[in-house]
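You will see subunit A twice below: alongside subunit B first, and alongside subunit C after that.
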Partner chain A sequence: MSDLALSSRKPAATLNGYRIVQSISVFVIALVVISPLFMLFIASLKDDRFQILADMGSFRAFWVDNPTFNNFREVGNFAGELAFGRYLGNSLLILGSTVSLGLVINSMAGFILAWGSLPGRALILSVIIALYVIPQESIIMPLLIIVSRAGLSDTFTAQILPFVASPLYTFLFYQFFAQLPKELYEAASIDGASIFRTWWSIFMPLSLPALATVSILMGIETWNQYLWPILITQTDYARPISVAIATFFGQDSIFWDRAMAASVLMMIPILVFYLAFQRWFISSFVGSAVKG
Partner chain B sequence: MSALTTVPKPKRRRRSIIARVGWPRFLQEIGMLAPAVLLMTAFLITPFLLSFWTAMTNQPLVPRPTPVRFVGLNNFLRILNDDLFWTSLWNVTRFTLWILPVQCGLAFLTALILNQKIPFRNVFRGMFFLPAITSMVVVCVIWGTLFQYPTGPLNHIVVALSGGTIQPIDWLGDPNWAMFSLVLLSAWQAYGFQMIIYLAGMQGIPDELYDAARIDGAGRWGRFWHVTMPGLRPTHVFVLVITTIQAFKLYTQVAILTQGGPKSSTETVVHYMVRAGFEEQKLGYASAVSVILFLIVLVIALVQRRLMRRFDV
Partner chain C sequence: MATVEIRNLRKAYGALEVLHDISIDIADGEFVALVGPSGCGKSTLLRCIAGLETIRSGEIRIDGRVVNDLAPKDRDIAMVFQNYALYPHMNVAANMGFALKLSGRPKAEIEERVGKAAAILDLARQLGRKPVALSGGQRQRVAMGRAIVRDPKVFLFDEPLSNLDAKLRVAMRAEIRELQQRLGTTTIYVTHDQTEAMTMADKIAVLNGGRLEQVGAPLELYRTPANLFVAGFIGSPQMNFVAGDLARKANADTIGVRPEHLSVGRDGDGWRGRVISAEHLGSDTFVHVEVPEAGRLTARTVGDMPVAAGDDVVLTPMAGYLHRFDGDGQAL
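Let's turn to the complex of A and B:
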């Protein structure tokens, strides 16, 4: 009740105990989150797979005496066995194509839904929102029939085309375009710009936040695909790195050194982007959730 | 008056789109919308509708000379009579019941801490989100070594903390522990997402509410219980629902680390479906499982809608 009067004294006393608990918990969480990742990077620099396991039980897991890139050299081939150079390239190709096509196609559709004059736009929009509920896992079996009957087994196309157009990303673009001011659209049409021009030269340059959000969400999703590529790839030709890493687990005795190096290879591209655009990453994931 | 203003409306509506905007514009609009609509039709709507049809046939993965037969609801009956399916459903339920408190609880507590003015707040937030962008395959490699039996890091920690009273645990090999081990790994990987959703929710609560509570004499605990918690109700619903849906789709960790074992203790619905469709080549049967999976997800999503409507407006 007399909180205001006492405030100079009381909180100062409780604050310290509270602060200590707070700092300790942040420190513990940071340790739990970071140490496994740190361990991965350290272990990838150790040459002996039995030593890696032996070191795991002690603080030696966080230290490497003679760092070597041997593991990376072993797995970094572009053909033959352990062709992780190739798998990484495959993944990057799939990522680049899916995201760039996805940005164009979903934003065009979102733009027409927001500013076009076609009849039935509201209906299409509600169908798209309803489609969002369908989980990928529940359509994957019939999708396998469609794609293999189309002769697309074991191709890049099979890993790119089905995931380019997406209800979520079309909706995110629609939502972003719809909240831009009407004057923008009207000014463009008075100047005689076609609807395509209006989208490309007026709206797209203003859509950096939406483009970033969709690139990041789509990028992570594509990069981490696992179930679909395992069903659709049979050879090295279009195999992404996620599937290739999983094959380490099929062996009797796991080559942890190589698995660690391959994992680091897979982490690096995402990590570089994440460190550069951290704020964007976090706001993108928040943005994907506000939909409800 | 009202008669005068309503007269032009039906007239304008009857004018066709082409008369209103002209052919070039009409064709451009179609051209811009068509790629997305066609691709979604081909790769989302068609397989979705097809799954209901395939589920009622004996469709194999590789085409056979014998024609595909319509089998009605037989696939569903066989699924519902298969003990392994019920085991897998029970397993994902068990997984959900574990992951909700572990993952969402941890995310909530972390968000509470990071919502205060602590030094390096953004650094910690960025750090805690790191596992969420790490691929599940990589997470499995990392945790595959952490789970080593009997001398892995986790066992060392367990033995050291218990002072030797607890024997090393065969995390992935013991049917009593395997699912819980997957819970630990999954929570570690995904909790950063829930954390930032909670943080966003907490930052959406106006400061005035806290000030008002403070003036009314509410302490730290009172403010938490009467301001933070009610303000987070929609966030709680969202986080719990999204986590539940994710949990029911559990697959990658299982496929890589346990293959459903030991003794089917980590068999999940999606793993069961992929085994039937891909390894046993019974696509019709697998499609029936996927229809059931869709219905489960749909029910969860509808429950979320109901709850959101009640809390939000």
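Let's turn to the complex of A and C:
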């Protein structure tokens, strides 16, 4: 009896030790990740940009004596070529269009690769994987030439269209669709569904995890675009918020206070976007982890 | 309702031919079971008829029309898959009505036909549920319902009962058969369970290694199997086969006798042997006997047969129930 009691206590003890180590590491990681964000938020509440700089090296970076929303108000009155809200709107427009078009195009392509009767499918797949390896920056100059020749400089289209189709997301959808049972596809084809209808009515509704994952990855990628918008826009008409924030970092002085507030403002939409989709995003990663 | 004719059908995956020269005629309203061991090509043949596989050569006619080049949806067939393949995100009503919706039927008609099918299958109270919220048996019924609402020319079933427990399987067997007779729809039913085939089908087609061994009514296959394979496949427990001197005496290379056609006695004329084991099932007794000149034989006798391991017995084949086969395994 006592033997049994002993042996049943031991694993519990090691489990507790493991739990403690786990909790501490999670806490440390969270601290490392969150502290810059927290610092940013605190700084955005400080009125004096020289004070922000002075506090940067000490613990005062995490403390604000007289919090104020002045910086946010000033950002609101920001006198660039456009009002600050317009840049935010531009960014949202680019994000919404890129992600929604991207979901449609990449999932369609992935679906055809997974289930269509496509000659040379293996070859197409390996080309897609090869394309994924090429970094975006390396094709940015030829892309710039193509887009300007097409007369699309300074447009939203130029910031949306080139990024809609993506080898990574097509492949992600392909993998997701391919692991669904083939009988679903066959049942739909016997029921009389066209390939388009099968994609839309059967496979898309079953793809929430893939849709969420692609939305989040694509959304973050689009929101943080910086180099491309600078290259492709000459005026502020179609410029996103990421570019507008850079104007606070002027040639002779840096407006830390307003830059901090603008950064906080820039983070909020993408955070909301992430939170909206993260439930399925996480479950999709857990799912693929379980399956190996 | 329709006839199905298959002429010289060949199917290959790449260089590997898996169906060799299959020809079957199926009459209007007939229930045909395709049986055979695992990997013999039952599912493949069914999928060829459904149009899910392209065939290498031959002809498939449904209702007199060659359907070789028609898409599945244009063949007017309905299929029930082994894993049911219900649409997980649609409720039962939407699952059953999907085909009708696609063909552009008015909402009222869809509702009426789905309602009628649900009533037949005892699913009326589950119409609003998703497949995950159903039991295995209910899912099976939904898959059936999806097939019957369309009122197709032919039902194709691929081992539809194999995921159910034994008791439910027996119940559904009778139910499907009854439903098929009521609707009068031509049905092709794949199973590897010969009892299922014997009890349900008008006609059984036995496949082996991609070849059709024999087609016939259940009792025809039982009484006059065309070859050793069919003789061994149909009937449970399996037919006893004896080669050697005993077979030669009967002018054959191999003789076969079913366990139920061997009578077990204490003495008399017949094959003497010693009981290895006796399985008392209550209704029957299976007696396994080692006979020196024949090998291990199984006899099936009445339930209260007082035999036990070690007993000496005499097995007597009943007159007229001996099957004779030549060197190629063909019945003589």
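Simple rule for what comes next: the second predicted complex is superposed on the first by the 224 of 292 C-alpha atoms of A that agree within 3 Å, B and C clash if a C-alpha of one lies under 4 Å from a C-alpha of the other, contacts with A are read in each partner's own complex, and residues count from 1 in each chain.
Please note the rule applied: contacts are C-beta pairs under 8 Å (C-beta built on N, C-alpha and C of every residue); 3 or more make two chains touch, one makes a residue touch a chain.
The structure presented is a predicted model; accordingly, all values stated were derived computationally and were not measured.
**Student:** Using the touch definition from the top, say if A:92 reaches subunit B (first), subunit C (second), both or neither.
**Tutor:** A:92 sits against neither subunit B nor subunit C.
**Student:** Output check: A:53 vs subunit B and subunit C. Expected answer is one of first, second, both, neither. What do you get?
**Tutor:** So A:53 only meets subunit B here.
**Student:** Thinking of the overlay built on chain A, is A:109 touched by subunit B (first), by subunit C (second), by both, or by neither?
**Tutor:** Touch status of A:109: first partner only.
**Student:** Tell me the contact category for A:152 with respect to subunit B and subunit C: first, second, both or neither.
**Tutor:** It touches nothing on subunit B or subunit C.
**Student:** Is A:205 contacted by the first partner subunit B, the second partner subunit C, both or neither?
**Tutor:** Once the two structures are laid over each other on A, A:205 reaches subunit C alone.
**Student:** Looking at A:33 after the superposition, I want to know if it touches subunit B, subunit C, both of them or none. Which is it: first, second, both, neither?
**Tutor:** first
**Student:** After superposition on the shared chain, which partner residues are touched by A:187: those of subunit B (first), subunit C (second), both, or neither?
**Tutor:** Second partner only, subunit C.
**Student:** After superposition on the shared chain, which partner residues are touched by A:129: those of subunit B (first), subunit C (second), both, or neither?
**Tutor:** neither
**Student:** Taking the superposition as given, does A:245 touch the first partner, subunit B, the second, subunit C, both, or neither?
**Tutor:** first
**Student:** If you count the residues of subunit A that each partner touches, which comes out higher, subunit B or subunit C?
**Tutor:** The partner making contact with more of subunit A's residues is B.
**Student:** Subunit B touches which residues of subunit A in the complex?
**Tutor:** 1, 3-4, 14, 18, 22-23, 25-26, 29-30, 32-34, 36-37, 39-40, 43, 52-54, 56-58, 61, 105-106, 108-109, 111-113, 116-119, 124, 128, 131, 133-135, 137-146, 161-167, 170, 194-196, 199, 220, 223-224, 226-227, 230-231, 242, 245-246, 248-249, 254, 256, 259-260, 262-263, 266-267, 270, 274, 278, 281-282, 285-286, 289-290, 292
**Student:** Which positions of subunit A touch subunit C when the two form their complex?
**Tutor:** Counting only subunit A, the residues touching subunit C are 181, 183-184, 186-193, 197, 201-202, 205-206.
**Student:** Okay, in this complex, where on subunit C does subunit A touch?
**Tutor:** Of all residues in subunit C, those touching subunit A are 50, 52, 71-73, 77-79, 81, 83, 85-89, 98-99, 102-103, 146, 150.
**Student:** Can you tell me which positions in subunit B touch subunit A when the two form their complex?
**Tutor:** Residues 17, 20-21, 24-26, 28-33, 35-40, 42-48, 50-51, 54, 59, 61, 106, 109-110, 113-114, 116, 118, 124-138, 140-146, 148, 151-153, 156, 188, 192-193, 196-197, 200, 214-215, 217, 220, 234, 238, 242, 245, 249, 251-252, 255-257, 270, 273-274, 277-278, 283, 286-287, 290-291, 293-294, 297-298, 301, 304, 308, 312.
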